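One chain, chain A, appears in both complexes that follow, with chain B as partner in the first and chain C in the second.
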Partner chain A sequence: RVSSDGKPPKFQPPPKPVIIDRKTQKEERRFLSPEFIPPRGRTDPLKYYIERKDMIQRRKVFNIPEFYVGYVLAVTTADPYASDKSKRFVGICIQRGGKGLGATFVLRNVIEDQGVEMCYELYSPRIQAIEVLKLEKRLDENLMYLRDALPEYSTFDVNMKPVPRMDHEEIPLNKLQVRMKPKPWSKRWERPKYNIKGIKFELPEHKMKAAQKWSQPWLEFDMLREYDTSKIEAKIRKELSEELEK
Partner chain B sequence: SITGACQAIQKLTRVRVVDNSALGNTPYHRPPKCIHVYNKTGVGKVGDKILLAIKGEKKKALIVGHKMPGPTMTPRFDSNNVVLIEDNGNPVGTRIKTPIPYTLRRREGEFSKVLAIARNFV
Partner chain C sequence: MMPIWTKSGEKRPVTLLKVQDCHVLRYVSKEESGGKTAKLLVGGKNVSPFSKPESAHEIFKEAGVPRKQKVTTFNVTDDAIIKPGTPLYAAHFRPGQFVDVTAKTIGKGFQGVMKRWGFKGQPASHGQTKTHRRPGAISTNKAAKVYRGKKMPGKMGNIYRTSFGLKVWRINTKHDIIYVNGSVPGHTNCLVKVRDSKLPTYKDCNKNPPFPTFFADGDEELPEDLFDAEMFQFTDPSVTFA
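Moving on to the complex of A and B:
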């Protein structure tokens, strides 16, 4: 290179290599099932510790996949009254409730124009297999409004094949806005208490404004309702990783 | 005005007849309503017999699904489903398209004929 004077060009150090440690990043983002986090209350943590031990035992024997609300799952359960003693149900997960061993999830599907919902207990010994057919997160954590939506949004083929996934890291977010049946609905989903983003409200403007009357904007700043789970989660993650390695 | 969803089936609930009988499927200006539940409590769950008033006639029916959430591992339907039945337990229709819970199979003795015409089970 041609230098400005006769002197050699100023030494420019090479750019520092950026080390992206993929292993630690992956561990931080690992999913912790919500039923492990104990609810806020005055019960003895020993109860939750014993429950967690039982949950880990069950997970060692039976694989419960990571799933969120909005995934399409197929669950095979044992039933003495079914042919072949087992029955299979395919549906979209609308909600995950309960903590500890009583954790449940509700699957919804529309079969022969009839909406059916099944509530399963995650740790029930009757469940023989849980397969994730479609990985798709939705805008809300509770899809109960699908009961009042048009049935096309809850229909899933019973013989659906698992959708193949390309990436191993990203879970696609479906920003689908669901169209509803005409009112009355089972709950007034337009109210800010439910904070639903996944519905295309076709209500007139004055109704949407009237619904905002019930908004409680002070709730998010209420300090007595705060429940910081970061330390509890870190402890439980450590416990889980130790137990599962044994 | 139409009342909101009534959960389990009791007197005066509107029900949906699910088989392909003529009595259940011909349109009438009043929906079929329950007038009596053959139960110690007046609340009917899956597998209970009820008395329906359809088209000005009284007919017995069997509950095959309701909107009220039951025990876990049992299905919850989006409508109160009912199958028309005679006094001796014979179903009136010949086919049931909508899914029926497997728990009815426990009482195979009483409901064998109804289970025989059912197509889908949940």
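Moving on to the complex of A and C:
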């Protein structure tokens, strides 16, 4: 360094080491399945506690993998009318709904030019296996617009092999913008209430501007709609980690 | 309400009922009540004693029990009499029994004839003048009067109704919860009366229930959860069809 007066430069103590606790950071980011978070309401929390005990019990016996909307899953269910007594369905998860034991997820696939959607219950005893074939998050939490998109975006090979994953940390985000079939669609996806980022809208400008007429910009500032789940989530995470280790 | 699955993989909706601080309050003999059987007064759910006058506390003081929100009567045979002051638990019922559940339905206030009685109303267009949800005719010409009990608009709900023949699937003895098949009248967290079913089909369904009731200080040690034979327990592996 250039000294100021010819004197030796003032002693600069080295910067204090910043300790990044990787372990606590990892625990904060761990996935909590959305059906564990109780909805807002006046029900006795004892009911959710009892339901969670059953859910944890089922998870101990049967492994429900962590998955988001956009993953490609293969589900084997027991079927009394099939020849092998079991049925396998491969599809992309387009929606996860329900809370508690009745939580469901919808898988979509196009088989022989016919779009098929199967709604499965996560905790149903008929499900024998859930395998994650492709881990890929999408831009939206609800991919119902795939019904009105070109079929190539919903087709997945039924005998697809699970895609091998390198990292154990990052889940890749697919910023794919999907091309749609010509209108009419089942829902008006260009409207701001659906807040869809994963469609490449090829509509004229005036139509996109007209759709913004239905925007409700005051909704995000509405305090009565706020539902802060951070404390509830922390409690449930602790409960889950304790129970699953037993 | 929550779902429950049978051993064959079918889903059934189930209502959870909690037995909260139930005590027997008084025994009324057959002659005293003037009915066909003796009666037992039972109270549920503790509530603060300060909102009612002292005269209302007599029954509770005799039994030695805090003031209860609701007091109901049960008709009992002479061999099922219980001493006033005994607590009643969910283990009084066993899985596989059939029960009737009585409660006050959700109050809907003053309602019109279409919602209250299910009338069809009138068409929305084709010339109807200011008449879309009205009852229309209320009697005939020959009758020259309106009969008593004619279905008309009025206060709907907030009356006692019973669901009959509901199966008990599971009992949680630790938290005193009864899992009852199907839906039950009343809103969430409302007070409900659970009674052995009086339907003739389920007359002989109770195989060895705890009689006269389940006593917590007795010798019987019950497991935390009692399940019905047909119910799928989550400790079992997934259902397969052979």
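The definition used in the following text is that the second predicted complex is superposed on the first by the 226 of 246 C-alpha atoms of A that agree within 3 Å, B and C clash if a C-alpha of one lies under 4 Å from a C-alpha of the other, contacts with A are read in each partner's own complex, and residues count from 1 in each chain.
Everything below uses one rule, namely that a residue touches a chain if its C-beta (ideal position, glycine included) is under 8 Å from a C-beta of that chain, and two chains touch if they have at least 3 such contacts.
Keep in mind it's a predicted model, so treat the numbers as computed, not measured.
Chemist: Following the superposition defined at the top, how do chain B and chain C come out on chain A, clash or fit?
Modeler: fit
Chemist: Of the two partner chains, chain B (first) and chain C (second), which one does A:D79 touch, if any: first, second, both, or neither?
Modeler: Both partners, chain B and chain C.
Chemist: Rounding in steps of 10 degrees, give the angle chain B-chain A-chain C taken between C-alpha centres.
Modeler: For this superposition the angle at chain A equals 70 degrees.
Chemist: Just checking: does A:P184 make contact with chain B only, chain C only, both, or neither of them? Give me first, second, both or neither.
Modeler: first
Chemist: Kindly classify A:K175 by the partners it touches after superposition: chain B alone (first), chain C alone (second), both, or neither?
Modeler: Neither partner.
Chemist: Regarding the shared-chain residue A:F89, is it in contact with chain B (first), chain C (second), both, or neither?
Modeler: Touch partner of A:F89: chain B, not chain C.
Chemist: Touch test for A:R30: chain B only (first), chain C only (second), both, or neither?
Modeler: So A:R30 meets neither chain B nor chain C here.
Chemist: Quick check for you: in the superposed arrangement, does A:R147 touch first (chain B), second (chain C), both or neither?
Modeler: A:R147: touches chain B, not chain C.
Chemist: Looking at A:E112, would you say it contacts chain B, chain C, both, or neither? Reply first, second, both or neither.
Modeler: Only chain B; A:E112 stays clear of chain C.
Chemist: Quick check for you: in the superposed arrangement, does A:Y120 touch first (chain B), second (chain C), both or neither?
Modeler: After superposition on chain A, A:Y120 lies in contact with chain B alone.
Chemist: Which value, in Å, gives the least CA distance between chain B and chain C in the superposed three-chain arrangement?
Modeler: 10
Chemist: Please write out, lowest number first, the residues of chain A touched by both chain B and chain C across the two complexes.
Modeler: 79, 121, 124, 126
Chemist: Write out the stretch or stretches of chain A touching chain B in their complex.
Modeler: 77, 79, 81-82, 87, 89, 104, 111-121, 124, 126, 147, 184, 186
Chemist: Any idea which chain A residues touch chain C in the complex?
Modeler: 41-44, 46-47, 50-51, 54, 57-58, 61-62, 78-80, 85-86, 100-102, 121, 123-128
Chemist: Looking at the complex, which residues from chain B come into contact with chain A?
Modeler: Touch residues, chain B against chain A: 2, 4-5, 65, 69, 72-79, 81, 97-99, 102-103, 105-106, 120-122.
Chemist: For chain C, which residues are in contact with chain A within the complex?
Modeler: 2-3, 5, 9, 11, 16, 18, 172, 175, 177, 188-189, 232, 234-242
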